[in-house]
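In what follows, structures are represented as structure tokens.
Presented sequentially are two complexes of chain A, the first with chain B as partner and the second with chain C.
Here is the complex of A and B:
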């Protein structure tokens, strides 16, 4: 088999860019037209209340209003959304994992649990009229006592967010290995701290949006939604409505960012699909930013009590953590989030004794989903901050304590005596984690601070480092499909739908190389449950690994089947035909191109009685594949204001083969930008009554071009034997270690003792207080 | 985020505007819409009637008088920022305008709109108080009134404007060639609302003695705060510690709402920096004078 210059590994320009950069993308809102009716959801004004009555008569009377439905109207017709993730029994057993079951109705019926919870829906001829009508819906609430803080929610006397449950614990786990107590007794230094990562999330440029219509001819509902998980949305709709799967088709048009909150399924998606059929109209709901701040799932919001014990050389003896995750009124992903923290707390180090316990807790705040990193940044923050504190105690530089503990080539692959969520015992399938640390420090050495001093005479400069590990490419499976089109070109589809990643480019690279055809001969069709019947979605750093491998196997099969057909046409045995660039060649020197095959398969052709060339394949990885990386930052503090600027950033990470290096770097840089936002700027704040205090971009501060520095990226190759492409996931690599890296750099800049910054976002007032404190100590 | 229903009228002249304002006290003037439309879209403001004055070209003009500049209320922030005349004659004002939001906002937002809105973190209200500007207020029934900027801003988002009043022109004294100016603002990100800020104008004599000093703090109280303590520097030759001392005195008198200690600290930082910039510029002006 011959191949042309490899496409995989090449920086092919993104096909998506021309469309997106010239404003020609087509998002859900772009699909609405003159015949579209607009839905607006009436949302709870209170964090905890009983609904005594919902009066809709005035809203119904408003001209232009088609329908107003309440939770009561939908009771018995629409069931609740089911949870999206259940861990495997081996994990459940090893971690004594428990989770509570809640069934929130799509529209609240008796009770509301957070501000922004949908409780009625208005359909009108325009969004403006629908908003006017929504205001006329009169709700009689009887207010209950809310709980807006996870620690409070755990107390025996706390009001229960879901009164049908015995307490506010959404999920819990505990596990460990070795003997932490005995190990701690041998320690030279024990550092204890309570760490907090504030509530924030990915903020997509495009808010959510759903458009749906009833296809009367085919007797099914068509749905376009801005999601990372079209197949999960289909399942949610069929589960809630009882409609058979063949009656629901879900597609994703261009999606303007997901980051995890759109890897969730939402009541709005179910309700809009239901309304389209009920009303026999095209109905759209386009979430606006005010709604997004209240009603789209949020992330993080975790507190960890951690204790790290090291010997006099700084070698880790034991590590124990107890943590609490605030999942608001609930999370369909609660198992994934709580498990991720426990599974990533061990980091890139040799840790002989480990004990972990965690609880996910309900509060009267907005629901939670998995935000880029999903429990890992929290784990990384606790471990890396504790290492900095232990280094200080042991009199070691931060990089030295890491060098003494990090897993090196001779330690890898490294087995951890605990199962992953998929039930498979954890194995870090890496090459050399110490190499990443060295590479990162080479990209951005601590001496950079001295070099930059002249450029920033008014700032206090500091340097920080961290490392992280990440399990990527989780299963259970993904689907890929490849088919030959008339004319000899190909259409590729995968269950992992794009939310703005580069699937149109990277999947086409995989397919074109596997098929031995030019890049231009392949086009990728985005999320569509009609294109592949089954799928999981794009999240958890899994699309390239699992979706890419499914595309690869589908293309392999297509090419093999093409070879058989070519042999038939040439009247030789398949073994006498080779797959070559652009088609097939027989041992006697005759060539059949893909275009010829397409012609022969068409009516009138020599293969017209054969099945079309169309292969669907699913790929199920044996387990997750682990990546590792190191981050370094140089920050500057304005000593007059405490405001921190990140001036330089570097990431060295160990992955598999890169399908497209520019895409990999883009993932890392985008991840770093979001990490900087979460570390310094972004937070969803709530009052004690559970009222959101962050309701516009004036309060929710996103990093812009001034806040995100140049980021150097080094990609180091490691083994990736768990999938045929030899790739690992990279989607979350840029985010996980930013929090601890920047915190360490801020402490260094403030000449403060290590481990003092325990909370993100790091407020300027906190930094200023730290400066005042160190000045006081110095004088 | 659609506004509640409202009636819309476009004004054709200032006289027309004043007549409408007089007949309907509920009417709300719309100029650049950078504050009003946002709160209307959130339904936090629900005016029954909007009078759009955006087309009143007569108020989109600037006049160069002998010792002052007269600026129409409809001049956009961006034009204030980039106008060579304003940059030459009242550089502090151009600099203040540069700090407002982002270019897209400055292309729409107007000087009159910003002053009438009276956001306590607003750059232009602060600049006007620091510059000692005079605001011209007109109404259908009363004679034109001239209100000093420091009397115009009365509280949080509240001014001396009556419901039937319209702010038409702003007269800004031109800065003396040896007057130095300083403008600083502390914000989490470029373009954000100020956590604290300061504007200062300092005139030094050739021997370094202060002959005139005026300064304002903003973002730290319910309106721009004139820093009277700076007057004590007049007749003295200040050193860096003098400015910090004045700033500390001014900040101590503040009672900021949230994180008071931190905001006072920011007030000291921004005021000290504004003073230092202003004094340095005044000294540089003398230096240029002796060289030429």
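Here is the complex of A and C:
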């Protein structure tokens, strides 16, 4: 048997593509059929109100309606959703972390907290009839005073979003090291600014959706849901209903993008599962886009007050930040989001003195979850914008102040005297962050502006750079499973379900190489709580690192067990058998292939009394593994309109080994596109009364083909010793630094002083004001 | 409810059906013909995932009524392959990593097919212009544009037919 070419590191074509390109994908809405009953949720019209009465008689009378249930109907039968993340005690202690407890019922009972909160559900024979019936549900509200702004919500006199709580603080933390006040007194330049990142989110092109049915034969509920976290959904259902775990199976069909909002669990998932059992019918709820704008968790919405002190050479002396995260009516991920900002504010630099405090605040706006970056773009924006301002003050070019402060080979690994969320002291396990900065500037040097000037004579051009760090591959664990099928092929499963991240290809690459079999011998089964009993999910740049490593360890064990069985079959000691490509070989020259093993394990075979070859393994990383990267952009401003176009983009990042370079590049480029959206276009707007003002794609703008430029990507190899694959996460690398990079380039294009752009999205009106200001200064 | 009788050809097959007058073309294709490759991403005509060809022209099937499509010839993503295999465009989309989650993909394949069938030479701007009515949240459009340009380059320009 010959040694095959390595699959890991190869750009293997994606397994997923053929069915998507021919319209044969199976997304949750595609699973509905003539026997499916359709659920439609009745949602709050007000941001803050008490529910006086919900009148459902007219809706019930509509022909084709099967059931109408309100929050009152479900009270005592369905409990609330639990929080999805609790930091470890060492983090809680070091950061004096506190969080409030709220228990929003799946369907609102006495009170609504945001426009779009579900308060009743209609089930009918068609979606159209269910929508008609939902219109007939009459709700009597007694309106309360809403609060739609986080700063206002913090004032002592503000109305409370959750009246049972003493105030609107959802979570708080504070920490630091060194002596910021003493360091600042030695500073040559101190820059202070208030930064704001607007509320926006992933907007997966497929909205959410759930389909569920009661399997009477097996006495359990089956659920298909468009999620990144099937095991969390199962937990949410069992917690809310009290059903035992074995009575709930959750699967993911093809999932049309996630980006964080689908790494949340939702009341709709619980209610639809409950209805399927209650009604003994197949019930589906397919979210439409209008609902998505109100009902799916949003992200970002953070304000940071930052102070950076540098000496006369531009070296950082101290860095202190106080920030406020608006989590709307609540977030099951509040601990993760608020912690991420505090943990990523130090960036890729030597910072000797640091002080941070943050609060997450309730407002009467849509709930919040993680969105690609989840607190990191906000941290990056504050630090990188402050560095640009400090560079200006110190008379240094932007790249020079970064070069003087960035962690280089001799500084790495770099220990930060604070614990990560998992309680483990932070260590940046990188190679040379300065190298990424240099590589990025090589991909897209500042001189590009001059080169492009002739192509864009009507635009003002500018260049910007930034760097970021990201903790990836967090635990606590992920499950992987490998099993030998009759005929000698393999099925792989993992707890981290795909929402478009190419797992059917990349996990198969890992498995085939680890097993020593051809790629075609391996198939990957997507998210299914029956395939692996325990799992976490795909988010936080963790699937390749933790899920991939779990697949690897499961395959290693399967191969080892196969070797033992081959030895038994050949009647030799296991030590006399080697694992080779395609199977096993004994020292006396006899070969056993996997197909033969499968045959011998089948009834009538020589190994028929043995357990099937089926290994499940969990991988628990010791802690997170850090990536770092640098971004550069060239933008053009139309001086007449103030509209900004990103013309060129580059990312150089330090990762581990790549499983599939095309998938890595795709993650980076896609991340950049979403970052550009958040920087220039996307924002969920609310009125002072908490009414959503962006409810269609005419108001909430997405980047299209002309808004996303060609993006050059350089992958630089760094150490990744915390997992057996030697990989690092990449899902968020493209997004985190876009905000600060584009802001810097806009200022450069406007010939403005650095650090003037403090808010995203950067509106054309802001750019025009900046241009007017610059002209004023020039004349 | 008003029922409307329609006679429509979809991917080479003729259907005579009675539809509720309010049924959109997208719902008709998905629910009555079983062609679920036509996706609904916004239902207000912005995202482009529901794009189909009606008598050769791209149409937002979420904004069209099935009743309006009576008497027309419709092609959906399921009908754009090359026999049993992938078309040159579909192959190029895969080769250039022009898709990730795959939800927007049918709309892009349909819109790009229309472009390639109706134009001789194409540059980057032409492709971006023609696809500016389709939204992809995963890829940043990089591989999609590259794939369409490659197909345009490799086919015989005079006929607009893909080179073997």
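Descriptive notes on the structure:
Basically, the second predicted complex is superposed on the first by the 776 of 779 C-alpha atoms of A that agree within 3 Å, B and C clash if a C-alpha of one lies under 4 Å from a C-alpha of the other, contacts with A are read in each partner's own complex, and residues count from 1 in each chain.
The criterion applied here is as follows: a residue touches a chain if its C-beta (ideal position, glycine included) is under 8 Å from a C-beta of that chain, and two chains touch if they have at least 3 such contacts.
Everything quoted here is computed from the prediction, not taken from an experiment.
Set against each other, chain B and chain C differ in how many residues of chain A they touch, and the higher count belongs to C. Of the two partner chains placed around the shared chain by superposition, chain B and chain C are both touched by A:289. Look at A:151: by the touch rule set out above, it reaches neither chain B nor chain C. When the two structures are aligned on the shared chain, A:25 is found in touch with chain C, with no touch to chain B. Of the two partner chains placed by superposition, A:143 touches none, neither chain B nor chain C.
Look at A:203: by the touch rule set out above, it reaches chain C but stays clear of chain B. Once the two complexes are laid over each other on the shared chain, residue contacts for A:665 go to chain C alone; chain B is not touched.
Applying the stated contact rule after C-alpha superposition, one finds that A:128 touches each of chain B and chain C.
By the touch criterion defined above, A:186 lies against neither chain B nor chain C after alignment on the C-alpha atoms of chain A. By the touch criterion stated above, A:706 is placed in contact with chain B and with chain C alike. The intersection of chain A residues touching chain B with those touching chain C, taken from the two complexes, comprises 128, 288-290, 696, 698, 704, 706.
Those residues of chain C that touch chain A in the complex are listed here as 20, 22, 30, 35-44, 46-47, 49, 76-78, 80-81, 86, 90, 93-95, 97, 99-106, 109, 127-129, 131-145. By the touch criterion stated above, chain A contacts chain B in their complex at residues 127-128, 131-132, 135, 288-290, 640-643, 681, 696, 698, 701, 703-704, 706-707, 764-765, 768.
For chain A in complex with chain C, the touching residues are 13-14, 16-27, 29-30, 128, 202-207, 254-259, 288-290, 499-502, 662-663, 665-666, 669-670, 672-674, 696-698, 702, 704-706, 708, 710-711. Contact residues of chain B toward chain A in the complex are 1-2, 4-5, 42-43, 186, 188-193, 195, 259, 261-262, 265-266, 269, 272-273.
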